[in-house]
Every structure is written in C-alpha cells, then in structure tokens.
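Below you'll find the structure I mean.
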C-alpha cells in the first residue's frame, strides 16, 4: 500500500489547479456544518454554493463543477432535493461525493443513502462504521460498529468500491482511499479535528471540489485528504484548544502551498 | 441559599465522569446555534448528535444518553420531531432538557413548549422572561417581561418546578437552579457571553449531557452552569471582543480541570 | 458622486444611536449564515431574532424594529414565512431589507424575490449580478453576469431604485448606494471578506438594523457599509487568514468607535 502526504508533487499541482479553477461546488449538507463547510471551501480557494430547495437542486447541479451530498440531518424534503441533484449531476456529468453520515444507526437515512448510490457517486467518504454499514446494507446485511478503526473497515471498503464502481474513502486516524483494486493511505491529521464539528463533513466537500480538477476520483480523494491532514497538523501546533484550532485550520488551508 | 462555583469538589468529580462517559447527547435545537452547540459539547468532552427528522428523532432519543429540545426556531415539522423524541425519551428513561426560547413572545412556540411539558423534562432552562412566561402559561396566565432579572423570576421558577416536578434553571447575570424546595445560585460568567449567539442554548445542551452522569437533575444543572461560568470568566480575560471570546471559550471548556 | 467613509460625523452619530437603541432585528436568512449574522448584529450592538416559522414570522415583524429577508437557501415554506413577514412589516411600518442572493441564476428564488418587491423593501442589497438580474427581471429581461463589477451595475441599480422606490446598495470592492437620483460610494473593505461566508449576508442584516435608527434608508445603507468596511480593514491588518479574520472582524465591530 502506498502512502501519500503533502507535499507530494501531484497533490501540489492539483491544489494549484484547484485555486486557478475555483470549483463551483454545490453542497447539500447537514444544518450543523453548512457555515463551516462553506468557510473551508472558501479558505482553500473553491466557490461553495449551498442550493438545497427541491425546486432548485436539480437545476443547479448541472451548472456546478462538483456536488456534495451529506445526509447528516436529512429530512424528507432534503431527500427529494438530494435525489434531484444527484440524478441531474449524473446526467450532466457533474462528479459527486456521497457522505453517508450515521448510516447504519438510523433506518431512514440508511435507505436514502442506499437509494442515492444508483446515481453513481464518484467518491463515497465515511468513517469506518458508516462505510461498513453502507457496504452491508447494499448486500442486505447491517454491519454497524461505531468503535471500528479505519483499518478494520478496509475489506468492506474495497468490496463496496468494487460493487459500486465508486472510490471509497475511509477516514480516521489514518485515511484510506480505495477503488477496490488499489488502496492508498494518507496519515496525518490531529486529534483536535475530532473536537470540532464538521471537519469530516467539510473534507467531503473538499474531495468534491478536487473532483473538478483532478484526473481521477482516486486522486481527488487523496489530494483532499492530504491537504486536510497537513493543514490540521500545522493548525494543531499553533492552537490551545478546539476554538483556536478551528480558526487556525481555516488560516492554514488558505495559506498551504502559498 | 447556597452558592456553587467551580471548583467545588462535586462539580470537579462530575466533569471527570462526564469526560469518561462522553455522553451521547441528542440535540434538537434551533438553526442559529447548531454548529456552536455541537462545538461546545465536543470541547467539553461529550458526543453530540443532531438528529432532527421526525422519521428519526423518536428512534434516536432512546439510544442517546441525554436529550436537548430547544424551540428557538421551531417549525411544524420540528415540533413533530420534538414530540416524538420527548415521548420516546420519557418511555426509555433518557433524561432531557427543555429550553423554551422566546416562549411568551410568540403563541405558536409557547403552545409547543407547554405541550412538551407532559413528557416531563428533567430540567427546564430559560432566562427570566421565558421561565415566567412558561410558569404563567401552564397556569393560564401570560407573564412576559423581557427586562426581568433572574432574581425576579425566582418565585415563578420555584412554582414551575413544584408543578412540573422538573428542575428549573433561570439564567442571567447570576444563574439560579431550583427544584421547588431547594434553590441554589451560581454566580460568574461574563457580559461577553451575551454578545455571542448560542451561549445560553449551548448551556442547555451541556446541562443535558451532565444529566447522563450526575446523581440528580439538580446537580446536572448546577454542574453545567458552574463549568460554563468559569470557562467564560477565563475566556473573557483572554479576549478583546466577542469573536476572540467565542474561540477562547471553546478552548477553555476543553482545558478546564485538565 | 460623493464618498462616505468611517469616521464621517453622521455615521459616528448613527452608530452611537444604534448602540443606544439596540434594534430588535428580525432576520429570515439562509441556513449557511444564521449564526454568523446573529454574531455580527450582537457584536455591533443590535438584538437579532431569527423567527422563521410561517406561523410566527408575520406576528413578529411588526414587533421588530427592522427586518431582513435573504433568499440564499429559500424553500417553499421559507417563502411563505417571508411573504407573511414582509406583508406585516409593510403594514406595521417596520422597515426592511431584501437580499436577493443568487437571483438570476435560479428561477425559483428569482420569482420569490420579485414577488417580495411588492411589499416595498426600504433597501435592496446585492452584488452586481444580483442587482442586474433583479433589475432585468422586474422589467422582463434576465441580465445575469456574475463577473460584473459594481460599477457596471450602477445604471441598472439606479433604474431599479427609481422603479421600486427602494434604496439599492451594490456591494463589491467598492460599495455603491443609490436612490435613483443620488448615488454615493463607500470604498474600503478587504479581499479576506470574500473568503468568509456570510459577510455580505450579514451586511444586509446590519443595514436593516441601521434602518431603525437612521433618518433615511439611504443613510442606513451608507452607515452599514462604512462601518463594515472599516471593521474589515482593521481586522485584515490583524489576521493571517480567513479564520482569524472572521474572529477579529467580530472583535472590531464590537470595538469600533468605542
């Protein structure tokens, strides 16, 4: 398994391209993290657009350069918007990321996430439990284990990637990215990331934005993860707790590679 | 009336237990403060989960170790989720906090808050006006006085506590906590807390999380209030305004007692 | 064209009055920026109230001293709340600001914004593209140009102001405020404002709050813009990126003129 970290040459080039393009990134995400997600995208150089009404979501995803769907606080009306956005994205060729937050714990959102798979996300990003649950659900099972490490989830992540033809990113102390054949690992990050809400959700949005500029979904997930890990490590060294970390993390995303 | 402040021995013990348990705290709160509330819970060591869909709320509150319901921006669909969550929490024995934001000012939310009382919140937390309004409403009156101090609200807080068998916390320059028989006061805090949105709302969530580890709702409300007041005082000394205060407050919650 | 900047005498007087009155400012805004908008209003000395349910919005806007309506993430149910709030505000004499976020890009929200014009906002605030789109739409056209500068939008801003009898504020590197006859410019600000979500949206809320204390909508828009620009410039000098900028910007709003 190869390891990728900032400043790998390809990742540095991808970030430079990211900033030139400023990908218009359509986000339908949970209400806890909308502001932070937009701020992360802006800090790194993307152009976020939170378009969430069912009347607009399917009109906007074809205009956007990438799409994130995160089911963290999904309601029935959100699910309708997500379906329209994903269907239109697939038709228009807008690449998208699915973040199956807490899938496996609650039936309603699990079904929504499973249904969304048919629109072929380029990347599925979740923690070990979420990926294991989603892998199980699509096969009929129900593997939920919130204490699972990302390593434990690897076999199911690989199986999920093969079955869906999506790249699967399993986040944790170490992140793994797999297309079912190749698997790479991205170490780094900092435990303070787990003390700020929305860091994982924002990473999903960043991976989506990288889809607009990288040559493959695999590379987009790797670049997003590596940039995040490096900025988090830099921020942790300058912080005294999660409040200063969140602020400093945005600064470092803004400054990384400049 | 006894006074409780950090670092009272019992509060220190409760916080240590809080961090060991990391209470899974189900929050159905207003859209202004979701992110900040999650960050406050994370900083202090709890595990927040904002599960808000009517399809999920009643399934999740029995899994959670505590529940917060805050009616700050309640809509009809939110009210349905709140009712399901509160009913399931009562049945499952999950203790919960009701935060009746702006009750008394607007009829719609007042009725929702009054209806929720039947599911027996362990703690009702509000400012003086809200507690007076809720006390009046349950008795048929309509005492709203947004200029009221927490001291003025004490008699009605005590009456409300007796009638509902909930602990009532009245927040203000000084916080009071009463079960209708005993009343204690928690001084401290800082005026900068009133310049950051969601500090009061996040305190409700913290009281909820303490319900999972304290021996009584009275002690949970006291511990939450005392920890908040101390962290706010520490943060205020290190801040130049509400922006740096908010960031520093999260750092201090993370560091308090470590 | 005259230029206004902090500390023009009238703006300083308006801000002092703003802090004495602490305008109760009703906001129906998008879900990305609710928290930041409330924090900006609190930092500057206003009293924000996010009342968004259709059952409450029309009851609250007559109580409030000013109203902001921002269509950034408008849904059907939000549109109902906005209509009720705007209609009741007009009837009660509560002055209000319309922020037509992304109008012209998406049909659904464009129609909602156009419909809201009938309730006579005191101020319409948008970037060049939004103002051009709204000007075009009300006349039947559809002029959208997201690359437009605020200068390019001036003729259409003036036409929109004349037709609607609203003051129109066009924000950008330089802000312009026009009532269709007079046009003034407010330079300042900093590019970091474009890297923090919600700065423009929060400016709409601040202009609304100034409506409660200024002698004219023109002066309210000017004062809001000038105070914002100055605080942003001060904050930019003290920041290393968008995270520290956002925090520092709130501090400077709190401290400006004290």
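Going in written order, the chains are labelled A, B and C, and every chain counts its residues from 1.
By our rule, a residue touches a chain if its C-beta (ideal position, glycine included) is under 8 Å from a C-beta of that chain, and two chains touch if they have at least 3 such contacts.
Note that the structure is a prediction, hence the values are computed from the model and not measured.
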If a chain touches chain A and chain B alike, it appears here: C
Answer with same or different: of all residue numbers used at the interface between chain A and chain C, are over half used by both copies? different
Between chain A and chain C, what's the gap in Å when you average each chain's C-alpha atoms? 33
Can you list the chain C residues in contact with two or more other chains? 31, 35, 246-247
Seen from chain C, its contact residues with chain B in the complex are 31, 34-35, 38-39, 42-43, 48-56, 59-60, 63, 77, 246-255
Could you pull out which chain C residues touch chain A in their complex? 30-33, 35-36, 72-76, 102, 105-109, 194-198, 239-244, 246-247
